[in-house]
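Dropping the structures in below, format is structure tokens.
Each of the two complexes below includes chain A, the first together with chain B, the second together with chain C.
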Partner chain A sequence: MNEGKKSFADVEFGEDLPEFHPAIDMKSVKRFTDATGMSWSRFNDHEEAKKQGLPGAIVPGIMSQGILAAMVNNWAPGCTTLKIDTIFRASLLVDSTATCRGVVTDMVEDEGIVEVDLTISNEAGETRVMGTALIRLQDA
Partner chain B sequence: MILDLHSHSIRSDDGRAKVENYCQWIRKRELPLDGFVLTEHRQWDAKSDYRKLEDETGLCILKGSEVETEYGHVLLFGVNDDLVAALDFSRLDLPLHEVVAAADRCGAIAVPCHPGRVTVGMCAHYGTLGPCEGVQVIETLNGGSRGTENEEAIALAEQYGYRGVGGSDAHIVSFIGRCATKFEREIRDIGDLVSELRGDAYEAVSFKE
Partner chain C sequence: MDIDVNQLKEDWCGRQFDEVQIPVAAKEIVEFAQACGETAARFTDPSDPDFQAPPSYTSRFHGGRAMPKDFPIQSHQGFDAGKCVHVNGPLRAGDTVTARSEIHDIYTKTGRSGNMLFIVHRMTFTNQNEEPISVVDWRLVQNQVSRKSKREAGQS
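Entry: the complex of A and B
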């Protein structure tokens, strides 16, 4: 029943989650905003976004949170995500090349809880979104 | 001796790191740090006592503060009762010249941080408000800087003859030590740090990958 799932004993402090590049091209972002009822020009149209003072169309914050949650769940399938806590440092632009990273930075053995630092950076290596995830892993 | 002069713990509203985890991370990743300074936003954390953690980890853990002025954010080192009485740390619009003067009068030192950052850094404000008298040291390397923000800070320091320090501005564990300050002499307490910052035997260093 627990086959393929990550247990607390499998995890080490300082362990890196597999890095990945999320799809944040215009087509993917439009699909997301259509599904969530957020089809607004600042997300779906670079030129209109610039008229609003933005550097271009931006990825919705909740899409970034969803991407980070997916990364955590890909790393630890079946885990219980207790919290995704994000700090938006700068806009993540649609059609940019983003890199998501995660690393284990706290482990509470008694409760089987692990904290993970999360970041999304752009092609210049600048952190645009950072945060933490609190997850509970099943017992070994 | 290398100290990260700018970090935040969960005591800051946007900090997500526990101090214990900073220490654990530094040791696990074998970072070239001898310690760090906690500079919580808009407050003086008088209560936290990290001496036991220092003994356990061998790291120097000092406390400062980060306050907000019309020129942007400013780190304070050597905060004491006199300085807490002189300044309202919670204000968002402290006059920088008053912060610098009060720090000097109370035996502390004020260091404007991330000067190249829009709105909360002093570079842009120098264009409209002019230079602030009394500033001697600024943060020329900030671990959270984007684009040319650090280059702008270095240029400002060169233009006005300011000395430069480095700090990670870490809000999450894994960002500690991205930038720091290398001192020629040993620093054992906050008094040593203030004394060294008033001299010139140090340099900002970056460990960003």
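Entry: the complex of A and C
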């Protein structure tokens, strides 16, 4: 998928991005927190997180943001991300099953710009993270 | 909590209170990218000619201090409500970024759990050539702002 670049002409207004189930198991989250210097118990230890009043270890917000950015990049290889805004509405639990979704909500042909609304929901279908990405595609 | 939001804005917004230099390592870029599910070589393979950090990468950086000295609200008193990254240029392995911090905005909103105070902490990133890399706005939220403060801020 990443061999070819997506062009503006390849995108349709209202198009859904392919659903994406990110790896948010403890191993993946530890890998992220090790890389970012965020190896804190609320992210890496369910029991310690519960002692802090959380329902379990939680996925760092900036990892959720990175996951949504990756979803967009994997859907639109070669795109240039201009902005990604994420709202951390509620905690996303480590070792849960999450679903990322996206939909094209605006297109500016003159500039080759596409806006995508993004969400991450949990097993119960509750939206935990939401956001918007603004990207530029070739062939404007 | 009884906070005069307008006064807070006047006293604190727009003033740089921190500056740090941060080296950018290829290994950390790869680990960040792969943990988030990036598959493109430009984010995961340091030998790719266009190798660079994923777009939200600078969200991970912290300054020397989270809030200005003597600022009446500290970061541990609130929770992270979100981050917005404006990407201005590619961040490459081997770069050294300069991150400058300021309080960008302070405002109130009413939610299901009552009145909330939002503090927007802005970090502006440039590379070693002073080329713009990104601007990251971190929204910190705190519950239970007093009604008086809301009225003073002119918000419903």
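Quick note on the criterion: the second predicted complex is superposed on the first by the 136 of 140 C-alpha atoms of A that agree within 3 Å, B and C clash if a C-alpha of one lies under 4 Å from a C-alpha of the other, contacts with A are read in each partner's own complex, and residues count from 1 in each chain.
Methods note: a residue touches a chain if its C-beta (ideal position, glycine included) is under 8 Å from a C-beta of that chain, and two chains touch if they have at least 3 such contacts.
As the structure is a computational prediction, the values presented were derived from the model and not from experiment.
When the shared chain is aligned, chain C comes close enough to touch A:81, but chain B does not. Of the two partner chains placed by superposition, only chain C is touched by A:23; chain B is not. In the superposition on chain A, A:66 makes contact with chain C only, while chain B stays out of contact range.
Residue contacts after overlaying the shared chain place A:126 against chain B, while chain C stays out of touching range. Legend: residue contacts after superposition of the two complexes on their common chain; A:97 is shown touching neither chain B nor chain C. Of the two partner chains placed around the shared chain by superposition, chain C is the only one that A:34 touches, whereas chain B remains out of contact.
In the superposed model, C is the one of chain B and chain C that contacts more residues of chain A.
By the touch criterion stated above, A:13 is placed in contact with chain B alone, chain C being left untouched.
Across the two superposed structures, the residue set of chain A contacted by chain B and also by chain C is 85, 87, 131. Residue ranges on chain B touching chain A, taken from their complex, read 14, 16-18, 21, 24-25, 28-29, 144, 146-147, 171-175.
Of all the residues in chain A, the ones that touch chain B in their complex are 13-14, 85, 87, 89-90, 103, 105-106, 115, 117, 119, 124, 126-127, 130-132. The part of chain C that touches chain A in the complex is made up of residues 27-28, 31-41, 43, 54-57, 59-60, 80-87.
Chain A meets chain C in the complex at residues 1-2, 20, 22-23, 28-29, 31-32, 34-38, 61-63, 65-67, 69-71, 73-74, 77, 80-88, 131.
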